[in-house]
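The chains carry the letters A, B, C and D, assigned in the order they are written, with residues numbered from 1 in each.
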């Protein structure tokens, strides 16, 4: 593969650029018989929209999804589903300067070298967070498939933003609150403090990072194909491929490295006649296989690289050092918008592995 | 794929079980013309041996590698290289009880469910850390290839064990010291304290986890195929597929999520006429592409699950809760032995991406 | 993979249905820096148009290609190239009857079973020859790439139609004549007789098959990755995936099975200081590797299944046998239109293997 | 992939060389719970043995298979199955001359160029028919799996050798007779004449080719993943990757290209309440999907290249033309031994597609 395809059975190909004609995705491998309409996808896509109250930008990304293939009379046909959103409101002129003035922290310079200067530099091109709109389109299908066939629900939220960590909440709290506030926090209190933290950074012309936590419940035992296509390994790959992700951990994660075996091991017990683990420090994956417990993953996002403060870079025209203020419309924190992207990637990997494990029929029953 | 293959161009297939006839690997895609002898692989394999001073076990894993194919007159031929080590000194009787008494924290129960009870449960079978011997064999070839063609060096070490973190050391210190002490610490001081920490856990019949840090230097700009086969995404997958890994991070990693953009962005500067970044909080990968700076990855390992202390589990014969003391020979800390495995996975991913990026010729020049 | 992707490094994903919104393809893996405009693709697509003089149909497939991504300022960027042609002039009502009356020789019934009745049956949906428009789009890029970087030319033509076989012609004749007549014959004489044969079948409400021969010249030694990704093996797969193909052979092909070794073996000789073979019964591929001689492949196409004559089928509504006359607009012979499709598949496979063999740089030099 | 792996879900990796330590294969993706012993594989491997009455060679290939992994207590575990046969009775000195004297019709010269002279030239190395022993090992597993789970039987035989074509026989005749004669003919009469034809060629120091026909019965409707992973496309690839194969066709095959649509289309009828086709010119695959009718494939094999008669080649040491008589032990016709190889490849592809189509459970029920 050349790099823009993920998955073995539920396959997603990403295409499009930030300032080209469109961004989109093709899904190959979705079972036939899933009821699917553009609204199903649009709903998820809308969750990725920037919040006007949070960010300095006026770019309104009114992404409207169109399904071009693979759906007939309201149901998936088992053939490739091509989806896209046309790019609108593109102000490429903001980026003219950046052709030769790579932004620190961005891929600009490295893409320039790798692609011999042929890369579409406008808005970062393929390296823009904008391409995650395609991830969300594919994820919307995966989510619906998982919910309908296996009853799996995926709940992501901003666990931490700019050092402000949400605390004292249950998964139910998170599920109820996260899409009710524009920072996707699991509690209103955290939302308030995170919003302030972002505003503060924005005013200084700076940006902040954070951590998304994502939980999948009702995942059956047995997803994951060790040793290399372990469920957590494939989730790690999917998460780290989201622009801005710098780390990923499962269950107790890095904290597990400071625990003893007697602390960390999840005892096996019988509950309601079934074998379950008493706690879930493993985060729902042991030996690369899902355990039936909730899958818990956390992804660290760096602060956005595009900031208004002056930064030091290099002018490639004459190879001299130079100062740069990134203009244009930028998010001071991508974590809130990344939540639905993380959920999408989780859904894509779980759908892929559910098919691989033989838990997803190639044709679904027709809905009434 | 069913799961035991990693890589697109430098492909590794893992086979073998802990208590079966052998453990091994096949490499498909190694360029022709690499000088390769069994000693090249044995040397790496020896670094994975348990240290008798550290662990309670007397199992002596005298892994002796044999190359079965793909090498002719001392050079790789460009065809599949099958390698294995025969299993010796196997005491399967230690595991008879475990057939129906899954060990907490291990994959025993989940593998039993997934594979319908057909899995080779002895010593964890495919879920044993023992299969990483095959990873190290493949990694030895990748390492040699990277060093010879691109001058890439890979330096892994135990950054932290049982909460003891090595501090105040340079990469040169680490390179010099790590294989001179049996905990693979980057400094003698850390080695001493880590060794004590492990001994203390072992005496209590417990185990400890830790963090491996691994650095690759001399990696050229341009490795990585975004958006999904980003270099960091593929490294994350490879690392998380190592048994016991619970988290992975790059450069500043999770700490980046608490930084501001102005702190985290690596300024671009000119040094010796080349564009480089002044610092390396990105850990050598930006936008999924290598930057030419050292690649820095950290992997969190949980404490080993097999501990002598009594734990609660379930007897599958009559589905009742039961106590279990894991007998047999087990490492109280796998971090020291994981170092060379992490290096191997780093090498495998870098070799794969070097070929994908067109930086590795299909045939090497014959050595004098 | 689920089936709609071909290639390892030059990857083509096919999407779209006969009577859906569009047909198209995405190419992932095209090197950066190839000069590419929609005209380059349109030219090839026009060669796939039905000839009004040959066929009974009035369906005018005015396919107009649009490039949606992966090209910037007239050059490929190294990122996925999504291309499509919107479907126009769709008369789906011709097909309403066919929902429950599968056409003999078509995939109608088998697709109905496989996809649980969710398949888009209109015009055969994904099983229509129409999807080969997407193959031609991808092939146009591959052809340009091969020509520009390696000087490879691909020449396909109708070797035989309805039993009329073109004879006494050179490759130069074929190259000059094939696109100058609407049956794509290598000589005007053959063209005349083939055209008559098609007309005769059409008048009877019947159809005829034929054989496409395709030759690639200037292919360097060494393409092909045995044992399974042998060049001829991958060509065979690509060719047989073209709708209507029933057989494929290389060089002397089936006739080789009746030759002796002393007749068939191509002697090696020196010409102009280079090792070449005196004749080319091997068809340019030996042991799965290109030999530097012209690659010669022949593909047998069955007669189109949609014919006006009454045929026997089954009415799926009440599972009784029934008579069927296929209405709508159909080609009495697909061979002439298949020529450019065969060329496209040849180009796709050669481009893929040229990259795999390290003969294609990831970035091309900028053209003047 | 680099080329030595075939299959998506039932994956086969081939390794080993003609005169190296062993030949073998690894199967990844075999469901757990298949009863499997070395005898199951040995039986198939024995069918590949050269017949002493047919050939001039005294090389006795006493291939004895060993299973190294993936089987526990007599059942597959769902993990990689590594199998090999050690090479014995290797007379490499017969090949010393061939290092610089490439045999016409063989891959010797092209492999020399592609792999920069690092290839193991002895006996053709990876290009020897000997590597098909590994194909047969993997095929034996696939065959058993198909028979047990789906009741699929695979029947291959020598349809034609040296121009002698078996006629007037039924599939039952073929199934009964093929392994009862050493040329694998479907009738004793054909066997007699084919044997004579081979003897005649051998005496002249020459060789002959032929055609293998292979039929799979009881294949359910729906195998195949169009458009590119069409069942016939994947079969074509698998067949052409067998050393010596020069063409492949399905059902009426090349003859279909001379039929009209009204002749070729298979009418759909009702038989025993099921929709079937009245005849089977399609050879059991339409639109890339299995039809439930027998799958019929024919593969043309060229005459072996290694012949005792003098041939013209090039001495690579001084780049001058030279005469060559190939010494050593060679088959004057590989068709009889290719039969079980063709069956193996058919089985591998069908097993792969049965899993892909969701028709093969990941765990089989335990046998009594």
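Heads up, the rule we're going with is that a contact is a pair of C-beta atoms (placed from the backbone, for glycine too) under 8 Å apart; a residue touches a chain by one contact, two chains touch by 3 or more.
Since we're looking at a predicted model, the values are computed, not measured.
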A-C or B-C - the one linked by more C-beta pairs in contact: A-C
Longest centre-to-centre distance from chain D, chain (CA-based): A
Chain centre separation in whole Å, for chain B relative to chain A (CA means): 27
Length of the line joining the C-alpha centres of chain B and chain C, rounded to whole Å: 46
Centroid spacing, where centroids are CA-atom means, of chain A and chain C in whole angstrom: 38
Sites on chain C at which at least two other chains make contact: 1-5, 8, 14, 114, 126, 357, 362
Residue numbers on chain B that touch chain A, as the complex places them: 1-6, 8, 12, 14, 102, 104-107, 109-111, 113-114, 126-127, 131, 160, 162-163, 201, 206-211, 221-222, 224-230, 232-241, 243, 246-254, 256-270, 273, 275, 277-278, 282-283, 286-291, 300-307, 309, 311-314, 316, 319-321, 356-357
Residue ranges of chain B touching chain C (in the complex, touch as defined): 8, 357-358, 361-362
Chain C to chain A touching residues, read off their complex: 1-5, 8-11, 13-17, 20-22, 24, 26, 28-29, 32-33, 68-70, 72, 75-82, 84, 114-120, 125-126, 362-364, 366
